[in-house]
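Chain IDs A, B and C follow the sequence of writing; residue 1 opens each chain.
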Amino acid sequence: MEPETLNLILRIISAVIVLVITYFLSKHARLSFEKSLSRFGTGFASKFAEIARYFIIFMGAVIAISILSLDVMAISIIGAVIFILVLVSMRDIFLNMAAELYLAIRRPFKENDWIRVGDVEGVVKSIGGIDTELITYDGDLVIIPNSFFLRHPVINKSQSIARRIEFKLMMPRMDLDRVKETVQEVMKEIKPELLGDPELISIKETGDKVEVIMSLPIVNLRKLRWLSAKIVKAYHARGIDVEIE
Amino acid sequence: MSISVIFPTKNRAHYVKRAVRTAFKAHRVEEVIVIDGGSMDDTIRIAEREGAKVIVQSDLIYPGKGIAMRDGAYLASCDILVYLDIDIRNVTPEFIEKLAEPIISGQAEFVKGCFERAAGRVTELVAKPLLRMFYPELAKFRQPLSGEIAGLRKLFYKVEFERGWGVDVGLLIDFYKLGARIVERDIGYKDHDMKPLHALTDMAYEVAAAILRRAIRDQKVDPRWAEKYMSGVRAMDLGLESERGFV
Amino acid sequence: MRVLLIGGGHSAYFAARAIREIDPDGHLIIIEFTREKVEMLSRTFPSAEVLFQEIDRVEDYIKENSELLDAVIAATESDSLNLRYCRVARENAVPITVSILNNPLNYEIFKKEKINYIIDPYRVITIQLFEILGAPVNVVFSSLVNNLEIASVRILNEKLLHELRSALDKHDDVIAAFVSRTGEISSSPSSVSLGGSAYIMGPREKIEKLLQLSRNVVMR
């Protein structure tokens, strides 16, 4: 066998060995990254580990090519261009990963919290690697990309299990004692749906109407509409038409 | 129709990978459930890694086979449930397909698997004589205690699961009482560990108790007689038998 | 509050009693799968709405009523059912989802499913035995609702006492009560001698750090 052929075979064998070692190294690195980064969320850890793995394989391929003594310069340039293009195309993924990391470390909200972000307000149904699902007051499912949370402030309204909601009722002018009496009756009627006692905040006359403000401790905010209807119905049964603001 | 395959198990790390993978290969299988009886080995970890849904049975009593089977049925979401022992060394996807086939074809709602071997000692000496006495229609089954069964999921919510070894015969009787069509399917040779003789005493007692409880429920036997008989079996177990009869 | 309690066994009975105690006028709905138990529960909890449902109809009930339900408490005798029902409640954004475990070994499985609150009724066995048998550290209470944790630490050597004092000095949000060997209780670490215990209370991560510190000192 000619020395040149032998040399080529040796180089091919070396390149293959480098590739094999790189493959196993990348696999090991992926597992290590997954394990060590799992505290930031499994989704984030696995994505980061996957990117690290491809990076190691890419580097191994460059080394293998250099062993084969091909035109390393040209191949490296092509490789670098491809790498940059891949990075650019993965911009959104990186943005979402940054957002996921932010959500994992900062924990601005958790599942079942009532939050407001941008124009959307609702209960957090699930926090995923790419997006977060909210259920709004109207029962609609809204899917928000996690990167949205990097650009918009989050208001977390779930300070405790129940939130106090103020209801303003407008009813026709009548004797204030009668108003107070009906408010107490209606509050008693809706109490089984609340966590704690409803409170009467104020009663005042405004023009030809009476304005009543009451505060209700509510756990499930999606119940608001149903509760409003129940209050209107309770007044209607007493022959009083009310409007709720 | 989709199939859930359920494996009640405990400390069977060596078998779980093959069992779960084989189950997923069977036609129409959409989920595999491993119900663990409190394993100390890697059974749970391996089952989860292989994509099985895993839960530990609600009560860690021995024998808790019935509780494991009940929890499996309650966790499942497919139309047909297929139960298999996890330690069948020669398990193939065909085992599952053969068990589910009569249900898919509309021929039955409950299928009992049977094997190419003589029925066990508890089957021949306890289950069959008692079934012949109280449920003669079910005495025709070659292996009424077989744990390889398939059935419509919704029907499993209407039957009573015995907690221990009596569960298989209990389900057979309850499905029969529900009016379900039951067939027995030969699923070939089953290569698995046999129970030692001493372990069969408890099993025999529980099988007898399961049949008798149902015979009482279905008014096939005087409850006072059955209770005396059952306490007698317990007394024999404890060595309390006296000359006057059971104490 | 409108609470759906599922199950009619032992755990469900105590859950129903607790709900009634905290919210006597609340809307309590109990779902059971056997008619005999439904009758019994109706007699035991006359102000509750007790419903008979088939096992695989409960999920539909939760979905249909999720807008009005404030809490779903799964307390059946099967952890499989508890997991199923809590999963549906969570998916339908019921604000409070509670599962009462039958088998504590299922804790991690439920946690992975992101169930809000997982109650392990058997946890008390460990806590009480640790206290009776004098375990070096014992997590006595860990709140499911907020970040509070209470733990006890046995003061086995001077070094541990010293480390504990300096750690308590550093953290304003960690407070402690000390129990001497003779049973006297004091808030001052100086009154504690070896063999006594410290009950520390504060944010979970800080308590865990202190416990780790104690474990390290004991190990040495």
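The rule is short, and it goes like this: a residue touches a chain if its C-beta (ideal position, glycine included) is under 8 Å from a C-beta of that chain, and two chains touch if they have at least 3 such contacts.
Not measured: the values here are computed from a predicted model.
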> How short can a chain-to-chain path be from chain A to chain C, counted in steps between touching chains?
Replying inline: 1
>> Taking the mean of each chain's Cα atoms, which chain ends up nearest the overall Cα mean?
In response: C
>> For chain A versus chain C, what separation do you get between their C-alpha means, in angstrom?
In response: 27
> How many angstrom lie between the CA centroids of chain B and chain C, rounded to a whole number?
Replying inline: 35
>> I'd like the Å distance between the centres of chain A and chain B, where a centre is the mean of that chain's Cα atoms.
In response: 45
>> If we count contacts the way the header does, which residues on chain C are in touch with chain B in the complex?
In response: 54-56, 77-81, 83-84, 102-103, 105-106, 109
>> Which residues of chain C touch chain A once you look at their complex with the stated criterion?
In response: 1-2, 23, 25-27, 66-71, 90-91, 93-97, 114, 116, 145
> Which bits of chain B are touching chain C when the two form their complex?
Replying inline: 36, 38, 54-60, 70-75, 153-154, 157
> Any idea which chain A residues touch chain C in the complex?
Replying inline: 111-112, 123, 125-126, 135, 139, 161, 191-195, 219-220, 222-223, 226
